[in-house]
Amino acid sequence: MTDLATHVFTGLGVLFFLAGSVGFLRFPDIFSRLHALTKADNLGLGFIALGVAFQAGSWRQVALLALIWALVLLAAGTVSQLVARHALRERDGR
Amino acid sequence: MSGVTLYALTGAALVGTGFFGLIAARHLLRRVLAFNLIGSGLFVYLGAAGARGGEADPVPQALIITGIVVALSASALAVGLIVALARARGRAMLPEEDVGG
Amino acid sequence: MTVWLTFMAMGVLVSLAGALVRVWRGPGRADRMTGAQLAGTSGVAVLMLLAPIEGWATLDVAAILALFGALAAVGFVKALSADGGGDPEEEDGDPVPLAGDRND
Amino acid sequence: MTWALDATLCAMILAVALATVLGRGVFRAIVFFVVYGLLLALAWVRLDAVDVALAEAAIGAGLTGVLFLAAFGRLARSGADAEPPPGRVNIAAALASAALTGALVWAWVALPLPGRPGPELAEALPRAGVENPVTAVLLNFRAWDTLLESVVLLAALVGLWMLARDEAWTEPLGLPQHVRPGGVMASFGRILPPVGVLVGAYVVYVGADRPGGAFQGGTVLAAVGIVAALAGLVRPPRVTRRAWRAALVAGPAVFLAAGLGGAALGAGFLTLPERIAGSAIFAIEIALALSIAVTLAFLVIGPPETGLEDQ
């Protein structure tokens, strides 16, 4: 049962990663590409963390998985905002 | 072919790649990057040698950890020198190689 | 389970390899930097997937990658601000003009 | 079947390294080098070297990126970021590189397989005072090596500071940093450091028994310091501040004191007798982590600058 949950969630997570990369490659400009980064990949990472949590032997490991996901969300939110601002300035600056 | 051999071959190839970059690149920042490739290639090679026979050997690991930290500090010093050179000359290349461009 | 998780980790790496094409092509510096950010997220995902196989200490490595996932990009926007210490959200100062090709 | 993952990872590491060397433009090379560091951390996990992976993750993901990107920004403001157009293909260099790689491959195939790990280590480990064999090697069996390496870090920092201009000497380290108050970067700089300090202290603390230790934890703490400095949370100190200078030498000093203590107890210089080994290593780890963190952070921030050098 737990193995099935791991299969389903990690598989779903990897699908989101693949979708994110396709978007990152095919979207026309940096602003839409940042969506691929912040939406698809972080959702995918959440599913992977969830799937791996079913294999965890203790709550400490589950808590660490959750903390890691939270840290990645914080990083992605910060980076997409700052990089988008930078790109906007660079575009309007010239 | 076992996984460890794969990493050893990768390490060997990284050393070659970095060596090529060290000679071929003219911008000094790229040379520092290439030099780091050589160093980390050797680390991978050494780490793979330590992982032969199943259990990872702690002695190369200890050498590599200090090596990584020292490599960063050496890079920081090199980068500082390059920035100082660029501020003095307006170029980040060695004078004898600074032709064209 | 080992085989499944290994293949999932491979899947994440393959998706990262695709994203690295964008780092190669650019065209803008922001595009390349975003690719590096994506590599960090993918690295965290791979380490999570490897944790049940390689031992849960792997999650400590993932935590460090996650912690500093934004550091390179923050350093990027800082370094290319007008005086090298700015913030793109501030009102004044445009990014530093570069002598090289704007996309290099 | 799991070798397929190793093959994918190795192929990507190699491709990214080639992109670093062959791609046009310095900025592209730096970004690929950052990606390279991230992939190497994964490789260390696959090689069962979690201790190395911890250090590589903190350095590869955090510190090298900031170091090289800041340098790129400084060069750009001096008008020195451009690269000359590539010259002719350097055939001699390519041949020499191929020969170097070939020699290493030959050495790998030709070298005899040693018994791993050496039996001497397994015998000595119960007397080391710690359970993590990597920490035992670093701080006990090869203490000379590690002590001198901590001094090398200091020497690099002194060398970097010698590049400062006279009028900048009393200024804070690095370029002046400013952020929009209440902005995204400022918030990031407030949220991350507490978590980061916790993770760094944890990595130092568990180093006695599990993967972690002074070098790994020190690099994490250095990166946390960089985040705090970039986000304007703390102002980088001045070179002349005594407390910070003390932090720089605390690690080597405590290390040396422990070594002398070993000599005083009759075990020989830098040989830790079994009954004090555990506590001595703990003290060395804490002091060394502090020194490594401060030294690396200062190295990445750079020498003191007035902020007017580029104009």
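Letters A, B, C and D name the chains as they come in the text, with residue numbers starting at 1 for each one.
The working rule: contacts are C-beta pairs under 8 Å (C-beta built on N, C-alpha and C of every residue); 3 or more make two chains touch, one makes a residue touch a chain.
Nothing here was measured: the structure is a model prediction, and the numbers come from that model.
Visitor: Between C-D and A-D, name the chain pair that shares the greater number of C-beta pairs in contact.
Guide: When A-D is set beside C-D, the one with more contacts is C-D.
Visitor: Based on mean C-alpha positions, I'd like to know which chain lies farthest from chain D.
Guide: Between chain D and every other chain, the largest centroid distance is to A.
Visitor: Between chain B and chain C, what distance separates the C-alpha centroids? Give it in angstrom.
Guide: Those two chain centres are 20 Å apart.
Visitor: Take the average of all CA coordinates in chain A, do the same for chain D, and state the distance between these two points in whole angstrom.
Guide: Chain centres of chain A and chain D, defined by C-alpha means, are spaced 27 Å apart.
Visitor: If you average the Cα atoms of chain B and of chain D to get two centres, how far apart are those centres in Å?
Guide: 13
Visitor: List, in ascending order, every residue of chain D touching at least 2 other chains.
Guide: 2, 26, 46, 48, 71-72, 74, 79-83, 184-185, 188, 192, 195, 310
Visitor: For chain C, write out the residues touching at least two other chains, lowest number first.
Guide: Where chain C meets two or more other chains at a single residue, that happens at 14, 16, 29, 33, 35, 40, 63, 67, 69-70, 74, 76-77, 80, 87, 89.
Visitor: Determine which chains touch and list them pairwise.
Guide: Taking the chains two at a time, the touching pairs are A-C, A-D, B-D, C-D.
Visitor: Where on chain B is chain D touching in the complex?
Guide: 1-21, 23-27, 29-30, 32-34, 36-37, 40-41, 43-45, 47-59, 61-66, 68-70, 72-77, 79-84, 86-87, 89-93, 98-101
Visitor: Please give the residue numbers of chain D that touch chain C in the complex, ascending.
Guide: Contacts found on chain D: 1-2, 4-5, 8-9, 12, 15-16, 19, 23-28, 31-32, 34-35, 38-39, 41-42, 45-46, 48, 50, 53-54, 57-58, 61-62, 65-66, 69-74, 76-77, 79-83, 174-180, 183-186, 188, 192, 195-196, 199, 203, 210-212, 220, 223-224, 226-227, 230-231, 307, 310.
Visitor: Quick one: which bits of chain C touch chain D in the complex? Just the residue numbers, please.
Guide: 2-3, 6-7, 9-10, 13-14, 16-17, 20, 23-24, 26, 29, 32-33, 35-36, 39-40, 43, 46-47, 50, 53-55, 57-58, 60-61, 63-65, 67-72, 74-81, 83-87, 89-91, 96-101, 103-104
Visitor: Okay, in this complex, where on chain D does chain A touch?
Guide: Listed in rising order, the residues of chain D that touch chain A are 184-185, 187-188, 191-192, 195.
Visitor: Considering only the defined contacts, which chain D positions touch chain B in the complex?
Guide: Those in contact with chain B are residues 2-3, 6-7, 10, 13-14, 17-18, 20-21, 26, 29-30, 33, 36, 40, 43-44, 46-49, 51-52, 55-56, 59, 63-64, 67-68, 71-72, 74-75, 78-85, 87, 90, 93-94, 96-98, 100-101, 104-105, 108, 111, 113-118, 121, 133-134, 136-138, 142, 145-146, 149, 152-153, 156-157, 159-160, 163, 213, 215-216, 218-219, 292, 295-296, 299-300, 302-303, 309-310.
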